[in-house]
Amino acid sequence: MDKTLSSVAEAVAMIPDGATVMIGGFGGSGAPIELIHALIDHGAKNLTVINNNAGNGHVGLAALIEQGQVAKLICSFPRSVDPKVFTDLYLAGGIELELVPQGTLAERMRAGGAGIPAFYTPTSYGTELAKDKPTAEFDGKMYVQERWLKADFALIKAELGDPLGNLTYRMAARNFNPVMATAAAVTIAQVSRIVAPGEIDPESVVTPGIFVKHVVEVANPAQEEALNRQEAVYP
Amino acid sequence: MSLDDIKLSNAQIAWRAAQDIDDGAYVNLGIGFPEMVAKFQPKGREAIFHTENGVLNFGRAPAAGEEDWDLINAGKKAITLKPGAAFFHHADSFAMVRGGHLDVAILGAYEVAQTGDLANWSTGRGGVPAVGGAMDLVHGAKRVAVITDHVTKKGAPKLVEACSLPLTGVGCVTRVYTSLAVVDIEGGRFVLREKLAALSVEDLQAVTGAELVLPDTINDLTVPEVD
Amino acid sequence: MSLDDIKLSNAQIAWRAAQDIDDGAYVNLGIGFPEMVAKFQPKGREAIFHTENGVLNFGRAPAAGEEDWDLINAGKKAITLKPGAAFFHHADSFAMVRGGHLDVAILGAYEVAQTGDLANWSTGRGGVPAVGGAMDLVHGAKRVAVITDHVTKKGAPKLVEACSLPLTGVGCVTRVYTSLAVVDIEGGRFVLREKLAALSVEDLQAVTGAELVLPDTINDLTVPEVD
Amino acid sequence: MDKTLSSVAEAVAMIPDGATVMIGGFGGSGAPIELIHALIDHGAKNLTVINNNAGNGHVGLAALIEQGQVAKLICSFPRSVDPKVFTDLYLAGGIELELVPQGTLAERMRAGGAGIPAFYTPTSYGTELAKDKPTAEFDGKMYVQERWLKADFALIKAELGDPLGNLTYRMAARNFNPVMATAAAVTIAQVSRIVAPGEIDPESVVTPGIFVKHVVEVANPAQEEALNRQEAVYP
């Protein structure tokens, strides 16, 4: 079995209009910039995108939104230093937003990946983000029922990958990437280096290959924060 | 003609089940008899085996004396690793199971109902009850198959209209490989796909506890001598 | 006497909050102002800081130019690691938060109610809503404390009977460190623990939007000059 | 901060009669034999023990049961090649058993550690193990509601540990150990070697120290399977 693909273009070519796509990263760390830019080139439209944020500057997720390819964003924090692209579009009514508390967002994905259709969390109880959600009391405390979150595709960024799809990450660039890998029907990982099976210590595998469908090597990947400090623009 | 004279051995049932496993498939084999399926992967195909206790991509048993008892499968038997293996904890392991990430789970059975219900964890006869991962494994795998003798040791049907023993899961089995036939479960019915050539449909029906639906094509169940 | 003349600076509020953090405590500091608390750990104590994006035991910011943007905190600021750090993914990170494994979370506030309700995520004025981890952080930490100016920029009380802004959490805050006082929340009431010596209880009550319960002992809130 | 203790005796001395104790391991792999034997020496009684199995032979968990210290066992598979100790006691009515499917057992612990008071799973729906449990339909499929599982103590076995409580494990001896570490109020880890903070690569930490209260070094720990092959008996 060899899950490696030869290019990011080949990897995203299978994403159709209207797909739900999880995109890894927290701010600029762990954002699969090359896969996102390939998705911009590919041109799929009317996407529902799941990410913690709404992108920064004019690269990566912000650029995807700027190209008008995103119909709906599910995220926890669409504000940032330079969120102009999303903000303008949102205030103009050009993009739908589902706001989810960050821990609930992560747990909904984890539930999606783990076959747990619903769970209870104290998070958001009594707030407007829990409006219309079922609640229940356990041991005298109130909780909100949340549903799993799944996607058609996950675009994630990892450090090492092998042909079986086993992955490691780089420092805090791990963030949502391993969770999203479990929750999508098709997970596509860009990795800084593809190594032979067995080169990743089985003890140190963070994402076992069972969660990964395709691996594509992007040596020396761009870092969103660095790109934005250079005021880069895509395309 | 006695069924015992023509029926497939356990190894042969396992061989037949192994032919339906694709290259690269993620597979969990139940403890005991189902473990035998791993031996019969067709040439050129390599499945990736999952064990509930937290290993992906394990290989054959080590030679006697070479065991490391920290490296075992769910049946507590010593295993080895293939290149590209991974370790993970129990919650992650069952997330793989329950989350639908396995392509195939192959399990044993006391009884399988035409509805896909499975009974394979309790004979209902008292003693110490033990369920292990059976109730989890029947959920989530894209395909849940059963391998079993077609009848019990006393000759009673194991393919039935409704299970009489405590259930492991409801409506979960989609294919049954028996010592006499290969039967799919579709729309709450047993559909006969393959049977031993030496056996008539009538004889097979006679040892089956629910009606067999007969499609236009019923293939011969042909299995080489294996052990 | 104007409150502005005597009130504590943000750094001083952070200093005071830092004095209540034990050696070895696991602590999450909210984005922005609360991050300042890390600077003021008393000598001989070392807390272990957690950030939502998957790092335990991080240290100070690196020198300018030395940043690695894959090593950041929840505020997206560059950080460094201390020996014995660990990385983990977002679901595990919020399991630490929600599961009650943090000893202390220190957050900012728009309003805090005497019931322990907190409003700190939305001014309710439209624009782009953003919640981040705020609603998670108010649940699970053994102690959820707030640091805040005692009044808004316009002089309105931030300690109130009931929050007027959208809530972050219900009944979650147990202690408030303000620019004028330290107030505990017990049994749905504000209990005054410390106040600036220069300030009378009456003056403090006048800028507080709910009744202050006065225990037998009210200590002076004494904070050195820090920045 | 230094979470290291000097002996297993010191580690278990804090466990009172009537405590709920999670004990790591799956069969013999990952079972903290030395901690269990110290608990036998300590003598705490009327314990509720959570483990996947019911012990084997006459060492470890089986010995703890044999000494009459366990009032109730929560597990998935109390049968094995040599389960005589538990079987005899259970059939004589001397020990209570709560049987839980293995994946549900792991997920209930994970929920306990993650602050999720309840969740839905397809596992056990329509079976006698779901009797009296709430059920609910999601997207046309039926699920069983399960509650979190927590403990007063977890006794676990790890490979490397540092004074902050960061842990790694050894191969399939990982199993329930990291999950239990999250679900107990006080987690006590026996480790084969204590190393200095920083010696465990932050990328390879499996259990971050936040989940661990005490670490005690047991160099060259016994392996239950090996003990049983020698027909060892404790005490």
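Should a chain be cited, it is by its letter among A, B, C and D, assigned in written order, with residues numbered from 1 in that chain.
Rule of thumb we're sticking to: a contact is a pair of C-beta atoms (placed from the backbone, for glycine too) under 8 Å apart; a residue touches a chain by one contact, two chains touch by 3 or more.
Computed from a predicted model, the values in this text were never measured in an experiment.
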- prompt: So which chains are sitting against chain A and chain C at once?
  reply: D
- prompt: So which has more C-beta pairs touching, A-B or B-D?
  reply: B-D
- request: Return the distance between the CA-based centres of chain B and chain D, expressed in whole Å.
  value: 30
Query: In angstrom, rounded to a whole number, how far apart do the mean CA points of chain C and chain D lie?
result: 36
Message: At least two partner chains per residue is the criterion; list those residues in chain C.
response: 87-88, 91, 94, 97-98, 139-140
Message: Where in chain A do residues touch two or more of the other chains?
response: 107, 110, 114-116, 121-122, 169, 171, 202-203, 206
Query: Chain contact graph: line, ring, star, complete or other?
result: other
- request: Identify every two-chain combination in which the chains touch.
  value: A-B, A-C, A-D, B-D, C-D
- prompt: Given the complex with chain C, which residues does chain D contribute to the contact?
  reply: 1, 110, 112-116, 162-164, 166, 182, 196-198, 200, 202-203, 205, 208-211
Residues of chain C touching chain D in the complex: 23-24, 26, 46, 48, 50, 56-57, 81-88, 91-92, 94-102, 139-140
Field: List of chain B residues in touch with chain D within their complex
entry: 51-55, 68-72, 76, 87-91, 93-94, 97-98, 117, 127-136, 139-140, 166-170
- prompt: Which part of chain A faces chain C closely enough to touch in the complex?
  reply: 26-30, 52, 54, 76-80, 83, 86-87, 90-91, 97, 99-107, 109-110, 121-129, 142, 169-179, 206, 223-226
- prompt: Where on chain D does chain A make contact in their complex?
  reply: 107, 111, 114-122, 136, 138-139, 141, 143, 147, 168-169, 171, 201-204, 206
